[in-house]
């Protein structure tokens, strides 16, 4: 019997969507107002979901306190109140679209979740736009 | 690496649940107060989810501006502030239950999403009742 | 010490915004797509707030069970799954704008709330549009 | 064509996380403040999802009125305003973690949903922590 | 120019509504299933609102970090994962209705907010029931 | 009879809290991580509330389409996908705290709302922090 345990978290950040190797016209055409050279920002809302068997001793798949601490150390401390393009090494050469951010978050957390558990991450960039990655 | 990109939208509409080929008693038995001959209505809230590979050029699976425009043209303009039974051709002979509406929405959007991407639609009829169709 | 006790409720209804004594052109100019002759509809979400002193015996301003029953009998039973224009007597000659609906709801409930308590009603017509009336 | 129909419900309950066969120190180490001997509590929010083919007669996978009644009789009446450890037989010897509660709810409902339909249950213990079980 | 700054917080707790000086029948009549002798519980969601002039130096009415810390120390640490009747001294002789809880929270915070600022507290006992106290 | 009509809107923006005339140490002490020189950002969610008498002709206090257009032209077009410090003239010399932003929004809208109507603006900087200004 496999149960999914989900925990919500959040961070605020600035970002800009563009490619350094494109002209500004090309960036404007593809990324529109998201290419503002002075940046814009979001309240990113995060759901991290871990699926696995229930430990018969504790009744837990994963202690949500442990899951919450993992998210704090590896995601919130790294991304919160940051400029994703300038302050976060993973996006030095990677365009911080929601799709790329959710994959980076998944990869950072995957290393800390036991291999017999599945991991899925959903990231809300706004209350109306969100992305999901399950490592497939 | 396949990521799901989701976009929320909404429309308001009137509808009535009933079958023309049933007696009013039969319609009342099955559809209860949803068979009010004068119609009732809902704020339908929609989530459209597209799953595909990340374009390495743009970092997008699909530009949410493009997805949002598709939803506007094919769903909102067709359904918003309408009577589903009387104003929307797809429901002239099809009972507009939430299940049938979500399938119609999926079919209308499927034609405009590239075949190598998966499509899933969730439709909230009320904040407490919702349906999901993924074309399977 | 006066405390406000609030209770949420909801109903679904169809309606149409128009005046019988105006031409269709005039109605279209003022009410736009809300003037669809076949009606459209909403999930109306309601918050009813009663302000008064705390009864030292019970610790209640008003028992939320009693408040909830008042809303059910006087509002939900009268409005839910109805066509406001055709099925609800209060709107036979009154345009069912959100403003007019919230005043009608307030008046219907006011008669059943003790005079030494204040009453305020908020009505969400959509998750983005809402109105409030406090009887002033 | 299989569509998923989901219905939300809720109940309030007290509980305590601990094992009778562990020392209080061991319980404190694993369950922390959730091991308060005087109990704490939650507003549990529930989503019950049933997946199946659309009945061509009614346009329903399952009538949400029937689904809502099943949840009321088998879950809300059994759990609402209860102490899960002391008042609910299923947890007399089973630690009422969110994971164990969602499996019990799924099992209680599974008996009443037709075998050709799939069942999934999501349980929010808080607005930030939730679990999902689909019987696999 | 006076601006209101609001901060949300939350705590989980068990409680029981009853009066020790009433018979069990009397308690059942008034408090119904809230009088379960084994307790039930809630996720209490809190909004604390402070109104005052904007400090021209900082642009703040009150630093939300300071407000958040006040709520943590005086409310969350005192109430979270507690049994309000048994573990919280303020309710040893006071029935922990939502009305009484919100007044106690207001009183505990009032002592720590500068006298030239107004304080209002809203407490959600469930997502559908909430109370507000502004000290009047 | 005065009714309040409220409309929600939103914009995304980057900002930084600091005073040019303070040392970086002083800015760090007061504004903490909000003083990141590379900026951070938010999804600002806005509620604009207009209170006035109901026009007996239309049943409206204010047409929400007109209100929505005012918010779009004067607030969303000016603030959305912008860096508040660098791109918005009102904050060239004014620290863009939530308090200062809500006052600026109120002042920009006040000029376009008839003088016999009251105006109140609520601005969510995050889902947990918000501010309200009513021009008093």
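Labels for the chains are A, B, C, D, E and F, by order of writing; each one numbers its residues from 1.
Convention: a contact is a pair of C-beta atoms (placed from the backbone, for glycine too) under 8 Å apart; a residue touches a chain by one contact, two chains touch by 3 or more.
What you see is a predicted model, and the numbers here were worked out from it, not measured in a lab.
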| item | value |
| --- | --- |
| Each chain counted as touching subunit A and subunit F at once | none |
| Proportion of interface numbers common to subunit A and subunit D (over half same, under half different) | different |
| Duplicate of the E-F contact set - from B-C, A-D or A-F, the pair where over half of the pairs recur | A-D |
| Gap in Å, rounded to a whole number, between the CA centres of subunit E and subunit D | 28 |
| Junction residues of subunit E, two or more chains touched | 127 |
| All touching chain pairs, where touch follows the definition stated at the start | A-B, A-D, A-F, B-C, B-D, C-E, C-F, D-E, E-F |
| For the subunit C and subunit B complex, residues of the former touching the latter | 10, 12-15, 33-34, 36, 38-43, 45, 80-83, 86-87, 126-127 |
| Contact set on subunit F toward subunit C in their complex | 1-9, 49, 54, 57-61, 63-65 |
| Residues on subunit F engaged by subunit E in the complex (per definition of touch) | 17, 19, 30-32, 94-100, 102-103, 127-133, 136 |
